[in-house]
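Both complexes shown next keep chain A, but they swap its partner, so chain B is in the first and chain C is in the second.
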Partner chain A sequence: MIGPLIKGLRITFGHLFKPAITVKYPYEKREVAKRWRGRHLLRVDEQGRELCCYCGLCEAVCPANAIRIYGMEDPTFTRSDVGKIAEIYEIDYRRCIFCGFCAEACPRGAIVLTTDYELAEPEREKLLQTKEVLLEKR
Partner chain B sequence: MSTVKVTIDGITVEVSPAATVLEAAKVAGVDIPYFCYHPHLKPAGLCRMCLVEIEGMPKLAPACVTQVRDGMVVYTKSDKVRKAQEGVIEFQLLHHPLDCPICDQAGECALQDITFRYGKATSRFIEEKELYPTKFYGPLIVHEQSRCILCKRCVRFSTEVMGGADWNVYWRAAHSIIGAYEKDVVANYFTANLVEVCPVGAITSRLYRYKTRIWKLEFSESVCPNCELACSVDLGVRENRLYKVKHNNPHPTPWMCDKAYFAFDYVNHSERIVWTLKREGDKMVSVSSSDAVSEIASRLSEYRGKIGFVVDASVSFEDALKVRALAEALECRDCDYRVYGEDYLPLEGSVKSLSDIESARAVAVFCGDVGISHPVLALSMAKAKMAGTKVAVVSSFDTYLGERATEYIVPLPSKEADCVEALLDGSYRDDLGVDKSEFERVLEIVKEAEVFVVGTRADAYLRNRIKGFAEGAGKKVLFLNTGSNALGMCRAGLFSEGVGNILEKVKAGELKALFVFNADLFNTYPNRELVKEALESVEFMVVSDVFFTDTASYADFFLPATTFAEADGTVFDLFGNERKRKRVVVPTEDVKDISAWIELIADAGEISLPDVQEKEPSVAVVEKKAEPLDGKGLEALVVFPFYRSALYSNWCSKFSEVSSSPVVHLSLEDASRLGVSKGDKVVVESSGLKFEFEAALEEFLPEGACVLEAGFDRFPVTALLKGSWLTKVEIKKA
Partner chain C sequence: MLVAIAITVVKLLIYFGVLMTIVAYGTLAERKVAGHIQDRLGPLHCGPHGLLQPLADGIKLFFKEDITASKSDKVLYYLAPVIAVVPAILVLGVIPIGDYITIAGKKISLSIADINVALLYFLGVSSFGVYAIMLGGWAGNSKYPLLGGLRSAAQFLSYELLLGLSVIGVVMLVGSFSLKEIVHYQKDMWLFIKQPVAFIIYMIAAIAELNRAPFDLPEAESELVGGYHTEYSSMKFAMFFMGEYANMVVSSAIATCLFLGGWYAPSHYLSFIPGPIWFLLKVFALFFFMLWIRWTYPRFRYDQLMGFCWKYLLPFSLINILGTGLVVILRSGGL
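And then the complex of A and B:
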């Protein structure tokens, strides 16, 4: 009768002297896999020009209908090397399911999913990610 | 033998012996891929995509140019054909940049679709591709030679349908490029078709350029609001905004004009007034629509019997009926749609479809610029001329059809009607001021003509005269009217003695209030002074329009109106057919169509609107007007140029760019006398008013005449006029 009790307590006390596996989250962060699908990023080239040329494939492939884009001309080629950029690029994080199809469909590697998983916002409206937020800042 | 039997992929069909294998395959329901074939252009056999195997023929044959034979057996899916198709696609893609992500054609691109279906997934071509720079041909179209597959559809459209040779292939073989010779701007009224026929993204529209993707647009069928032909169009909408207008089906022709294709962006314009305005002192302040409606209604009883109604001829039949119902309920008789000061009502012609014109042996066109007023009609006449129809044009200014006609006489604007009458009489008169031999040649065509087309400049007297003559001589007549729904307006009974009469009555104080729907009288009525005086003396005025026009600035109340894309409605086309406009864009809450506004006003004022019936126009015998032109100088005809003649062209971005400054067209003789050359600035002066125009030289203008362009924002040329579009002006070099 006393045997199992001792056995149980041994496990309990045994853990007391082992290193803790809990991560103190806001102060410590876990490393995630390289292919983690987190916050989107609109990439730019070496000269800071946007890679996205609004081909609309991410918008078309998105199963959750979370992406909304409108394009415009860039006649001076200052913002894009092909003269076409997205005027509006929105990803709605209230809808996004982080499937990563958008990144897979993108012919220019303009949209990628990063390892940033801290997506919570205090207001629902802020979950609508605009181009200014998504664009890679240099 | 009337038909022949052809077997295609085991399906036997009977077709006409004149058919090609491709047409027979369409009948059989067999899909043969093609790029250069177009059902309304002559076959060219250029792209080789439609190669098929025909029993008894050693080599593959292009289906689009191979005529059928009785008992012909065709295979379209054999290994040999598959291999050829793969090869053709590989060749087509050799220099293709594959820039589908950027290209506006992606999604409706024949090359994309056919490659996907018939091509190989990989290319063996590893060498560098030949790329060409992008070329912008003016504000309307952009040409990307790199994407071109040299199917020559655009070139064939230009030469076969439009009858011009400036859009063509230059250089040879592998170095061939398509383009306009020594021209930087291509804006020829039918530029839209170059974009529409292009199977790839080589020619694209600058209006739609890069805005959205084609698969995001939802297309619905509607009707173009710009002229009486009421062409079927597809309106492409995304998120309640209109992005694209496409030709929908061959009604009335397979082609469309630039007005339909490029002049619709005013619908999304940021300057649109989408709330109700009320005058307070000198300012217009925003009020709620219900307040505005009840205030208008409360003031109406005061003016019972003393209200004038002016409606633009582009509004729908239902709206016109409602306006008349309100007018009748308020015991007012003065309602009219003829805002361009016309004195005629639509006369019923005997032409019932465009094929009557296309199949005629000879056609005579009188008094008008059909190319501007009814572009697609002019196009089909130009096409008929190339197919052998004789076309005679009698017009003092014609920008499109004249130079493409068999015979063209250009009388002085004041002699235009006399000249037509002399032709009907069949006798030449010396005072017409036209060459006798030219007159005789036109007379011969007029005698032979099966169809008369009467342009918008012909007045009521001349129209009756032509109608009488044509009925006597057994000829068909087609009467053209200004405004896209003139026939509907007339059927709705929305006419009295003309807009001029209403304005005179307002000025004299007989009418105290005025309702103006969708019309900017300052821009359209050919007497600016009268409009100004009338609007200054009117006690109460309500304007309903899309934009805050000069006319609206005199209003006591401004009610925001819908555009053609925002309200359902019926219009009547040139031939009297009913055509339906569809609501594809939902406007904001305050924006309502005329019917809705009138119903609200009637409800608020407890006015019961009577059921109005269609009204037969009274055919009055009109006396010939014989007002000699007084003043010194040149006879000046004021016209709206094509790129200012669409609805709200001042708010159509591309149209404003094409025709950015007003031009005066001078005859070569007058120009050399004045020492003016093309592009010079000239001052046009009449009764103390001065306007600066840019000069253009016109080969087909008689000495002593000039043409002034109207329709420009903040350029009130109508101030020169006194009720007719013809006046006299003095021209000096600036």
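And then the complex of A and C:
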């Protein structure tokens, strides 16, 4: 009867001096995998032109209906190399399930998922993110 | 006369301050030990390594809404948290943390009151604690606190008996109820070597009286929400909490006096360190032991708790008393 009790005490005492596995989150952040699926990024090319050409495949493939996209012409070819860009590109992070299908579906690699996982917002409305936030800054 | 009063008041303030500091940092120690035992870190945000956490907790508890249950018995409802803290502080008066010090040619005793029945006083005052839990459980007019209070009353009565019986062995050997004389007796050999059974039973009974795991049935979270303090909030809840930690400190201090040689160093080589420091070190060691126990063992079932007390510990303590009596008689010249 006494033996197991002492064994228990020994185990807990041993754990007292083991290094804690806690990650002190706001101060130190966990390394995430390279393929981590976090916040989206709309990529631009070297001349600063948007890669997205408004084909609408991401919106069609999105299982959670989180993407809303609306196109416009760009006849001067200053913002796109094919003459079409997305006028509206919204991702609703209240709905997004981070499946990554949008990035898989995209024929031009215009939308990718980054390793940024700090998506929490104090207001729900802010989770609807528009092109200004999502577009890659060069 | 005035000087004597002044000395006593200063001693009171110092002791009270020290006790409250230990209580505050006891809560932090509990959380830190719990964290490290579970391979976590415990509180870290407030101050360096979470050292200001007790302050933050205090501020939070002071500014929380103080809810009074509408159909509660108001008098008892307000009285119970007070009774939870007071006994521990009262016991502080008889604890000798050292022998004497000499300041300006005046010999000052290091305990607030050197009464010759200090041990009886401790047993008497500390059994007040059960009223806090019983009244707190009753006054809230809610079923969970009531059940917690009932459990506590039965548990307290059983283990109070054990506490008294475990102490008797020590009293028989020393021949005095005065804590100072008990400590003086242990100058060469601590009493837990002569009375190991009594020491173990004392510690078990003390932990059971403090309602700490593995005997924390009165506040069993999984069954009774919060037990006897379910209906309390804000500072009234904090009073129960303070009472528990103050009682832990005081029980550790009494155990130090009775079994661990009080202010005496473990060996003569180490006696250059002053007595009060040794005393506090021993108290902290026992305090840590209580935390360690809490985060190691699961809670007893209620019938196991009662069976453990009445079927095992009580006979053992009676045998211990008989054995001690036999030794005392044989030593003093036979039958």
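By our rule, the second predicted complex is superposed on the first by the 138 of 138 C-alpha atoms of A that agree within 3 Å, B and C clash if a C-alpha of one lies under 4 Å from a C-alpha of the other, contacts with A are read in each partner's own complex, and residues count from 1 in each chain.
Operating definition for what follows: contacts are C-beta pairs under 8 Å (C-beta built on N, C-alpha and C of every residue); 3 or more make two chains touch, one makes a residue touch a chain.
All values derive from a computational prediction rather than experimental measurement.
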| item | value |
| --- | --- |
| Clash or fit (per the criteria above) of chain B with chain C on chain A | fit |
| Touching partner for A:45 - first (chain B), second (chain C), both, neither | neither |
| Touching partner for A:121 - first (chain B), second (chain C), both, neither | neither |
| First (chain B), second (chain C), both or neither touched by A:104 | neither |
| Partner chain in contact with A:60 - chain B first, chain C second, else both or neither | first |
| Geometry of the superposed three-chain model: angle at chain A (Cα centres of chain B and chain C, steps of 10 degrees) | 140 |
| Contacts of A:8 with chain B and chain C, given as first, second, both or neither | second |
| Touched partner set for A:18, first chain B, second chain C, both or neither | second |
| Superposition-derived minimum Cα distance between chain C and chain B (Å) | 48 |
| Interface residues, chain C side, partner chain A - complex | 33, 35-41, 44, 292-293, 295-297 |
| List of chain B residues in touch with chain A within their complex | 99-102, 106, 134, 209-213, 215-216 |
| Of chain A, residues touching chain B in the complex | 53-57, 59-60, 70-73, 82-84, 107-108 |
| Residues of chain A that touch chain C when the two form their complex | 5, 8-9, 11-13, 15-22, 24 |
